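What follows is a pair of complexes built around chain A, which joins chain B in one and chain C in the other.
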Partner chain A sequence: MKATQKLELNIALEFTRTPGPRKRSEGKYSGEEFLDTLLRPKFLSATSIGTILHVNLDGAAGYPTSFLEEAFGGLAREFGPSEVDRAIELTCEDEPYLVDQIRRYIREAKIIK
Partner chain B sequence: MKGFLLGLVFLAGVLIGYLIPVFPHLFVNPSVDFGEVLNAIVLLLVAIGINYVYTEQSGAKRSDTELLLYTVRDARSAFDALRLAALACERNQGLTNEEQLEIVVAKRELFNSIESIEQGLMQCRIKSQDMGFQRLKDACLLLMDALTDSPYPGPYDNASLSAIGRYSKLVRNELNRVAFAINHR
Partner chain C sequence: MHFAPDGQIVKKLIVGEKWKRHLKARSRYEEKARKRFRSHREERRVLALRSTFGEPFRKTVRLEAPQVFSLIGNPDETIGFLNNIISTARHHKNVSVDLSAVETITPDAVAALLATIDWRNMGRAQVSGNVPRQEAAKEFLENSDFRRSVHSVGGYIRKRQMGKIIKSTSGRETINSRFHQEFAQQLIEFATSTLTANKRRFHPPSYSVLGEAMLNTFNHAAGPNESRRPWYASVYLDLARRRACFTFIDQGVGIFKSHDFAARWRMRFKLGSLLSLPNNANLLQRLFHGEMPSRVKEPGRGNGIPGMYEHCVAKRIRNFSVIANDALGQAEIEQYRLLAKPFGGTILYWEVEYEGDAEA
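Let's look at the complex of A and B:
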């Protein structure tokens, strides 16, 4: 794969259309589950081949704050905000403001922990 | 309005044209100063021009204001729907799947309607920062976090419920403030 190509992750198609709470213990389709089963593995694949992970948030019914913070903030706590901020591209036509929100969760991940 | 004014000027001209022969002593100075007549005509045309420009501009501004207030009303409806969905948080137990869905969908509607107001302001070439628009967005984000960050999906403790109530009030006040700011601009 060329460095200019992106690795794709579509949450609605690959995970669920109804994202749930923060932790697995709180319910189905949690942010924790998303981080463990999809986001972290795809992020590692993308960084290992030096490309960008493009996360498409369109198609879902809506995203709770806790799901997004646990998934993207959790990834930033693990790999560092600057690395995650650089390696992830976000798209959300359904809720455009979410992109800025997720960037904030990534940047402030260290503070939250 | 333009047509009405031109019609009025025409009628006045016709009327004076009829009256001059009947009451010449009232209107006609035997030595007509054409310079004064020309001045009067130019003055009249300037007045018509100013009236036309002012009417056009104020009409466009009034239409813009009405459209912008309509988008604010839309946001207010979305906010009311979110408040209704959020009532489920007041129960001393976790939200059902349906209630969770209702809240995130209502939250999305509110944010998208807020974005519509911002788009409308841009269309009308109004700087959103002049309206303090960021304060409204910040208030919505605080409410969103209070509703769907931990302890979502509940049960919500007293502190969380208090935050939901506080930020709901803040959003309502901000929506009202933006509506007044649009109306008084």
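Let's look at the complex of A and C:
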């Protein structure tokens, strides 16, 4: 697959620079809101055209673990860890450890039937 | 002459001495009625206050702070002192906080003192106090932002703001949302902008720890039938060590008295290991290491405190310590121990190391 075919998602630019809690009921810019409004639709678009979704995590104030788990773990619970792991590419130059952390959340997610 | 539809003379057209006397008399009567109502209302208010808090307190008890006023450095004496403040107020006595003998004071203790003298703990007790005699400790307290949260007598001048303390409350004050991104960012920006000349004013690990701590407070700190609990967050800049010292305090039930935690884990451990029953220090260690899944029966939960511990192991934050009920855990030195006196709530403490480009 060519790099130019990737679908881009920049969290700081397209969603918020100050990510929030896990659920909508716990505050603004939650992982649940991010999953519903951006991550899932973009993931579906990417998989429908057979390309990779490139998620850029740079430029944000920080990511609470609950936010990341709800968004990426939630996506993996919905579509399967292997499918999500394969279709998403992550970059974070500010905090490189976040990439491994998210990969772990994706791999540890169990599909909800 | 004008007539109203029902045939009576319109009032505004009636003039004369008799009418004026009538108006004066009515005004006097109404004023008296208003006074009676006001005094009755005031009486009811005072009665309501007295039935809630009792009679106004007359006796004041002076409580002396320990020489080393630090939750992490001297937890037993410091927690004992803070607990004394609360129990004195609950015994209907005013409190005089005597800090004069304090020689060493740390940012966690300043935030904890402020949380302790919160109106929820003090009720109607009046709290007064003094400052340390020792010059360095006095300067520390005065530069820490503590004074902004208390009334100060004249003559106090803050030389330089080295700390920032933020409070979120519930009850009669309002909560907007459970996660206050702007509060977390304010503390971090204050630290980074003062300690570095760097324009990048973020510290993602601290932002993550603050966020998780706020969520834990709102989701778990209150007892079964209680409203949400308040929290205090502070940062203090230690210029000598070039570190920003963060403290987060909630005065909820504490991790180990959280009803869900107790119900789920205490019984399991009691049944599972009757011979070697783990204490709260052992449980805190397991919590740090991610060996205790969350009580919430939803997938992906329970990453908060293990995530903070990981930040400390990777040295993204330093000296990460937690006091919860009667347990103290220090991640960097892997020390977990029981305290002589339990703290009513949870304290998170960590430091951020800044190198190079100093502004201060």
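By definition in this document, the second predicted complex is superposed on the first by the 106 of 113 C-alpha atoms of A that agree within 3 Å, B and C clash if a C-alpha of one lies under 4 Å from a C-alpha of the other, contacts with A are read in each partner's own complex, and residues count from 1 in each chain.
The rule we apply is simple: a contact is a pair of C-beta atoms (placed from the backbone, for glycine too) under 8 Å apart; a residue touches a chain by one contact, two chains touch by 3 or more.
Quantities reported herein were computed from a predicted structural model and do not represent experimental measurements.
K.L.:
Please determine, from the superposition on chain A, whether chain B and chain C clash or fit.
P.N.:
clash
K.L.:
Which of the two partners, first being chain B and second being chain C, lies in contact with A:T37: first, second, both, or neither?
P.N.:
neither
K.L.:
Go through the superposed model and pick first if A:R22 touches only chain B, second if only chain C, both, or neither.
P.N.:
In the superposed model, A:R22 contacts both chain B and chain C.
K.L.:
Go through the superposed model and pick first if A:Q5 touches only chain B, second if only chain C, both, or neither.
P.N.:
Touch status of A:Q5: no partner.
K.L.:
Using the touch definition from the top, say if A:A109 reaches chain B (first), chain C (second), both or neither.
P.N.:
second
K.L.:
Determine, for the superposed model, which of the two partners chain B and chain C contacts more residues of chain A.
P.N.:
In the superposed model, C touches more residues of chain A.
K.L.:
Would you check which partner chain A:G73 touches, where first means chain B only, second means chain C only, and both and neither mean what they say?
P.N.:
Touch status of A:G73: second partner only.
K.L.:
Is A:P96 touching the first partner chain B, the second partner chain C, both, or neither of them?
P.N.:
Touch status of A:P96: first partner only.
K.L.:
Between chain B (first) and chain C (second), which, if any, makes contact with A:A61: first, second, both or neither?
P.N.:
In the superposition, A:A61 touches chain B and chain C alike.
K.L.:
For chain A, which residues belong to both interfaces, chain B and chain C?
P.N.:
Correct list for chain A: 18-22, 26-27, 61-66, 69, 94-95, 97, 101.
K.L.:
Which positions of chain A touch chain B when the two form their complex?
P.N.:
Within the complex, chain A contacts chain B at residues 18-22, 26-27, 61-66, 69, 94-97, 101.
K.L.:
Give every residue of chain A touching chain C within the complex, in rising order.
P.N.:
These residues of chain A touch chain C: 18-22, 25-30, 60-67, 69-70, 73-74, 77, 94-95, 97-98, 101, 105, 108-110, 112.
K.L.:
For the complex, which residues does chain C have touching chain A?
P.N.:
177-182, 184-185, 188, 202-208, 211-212, 215, 218-219, 299-301, 303-304, 307, 314, 316
K.L.:
For a test of understanding, state which residues of chain B touch chain A in their complex under the given definition.
P.N.:
Per the touch definition, chain B meets chain A at residues 97, 100-101, 103-105, 107-108, 111-112, 114-115, 137, 141, 144-145, 147-150, 152-153.
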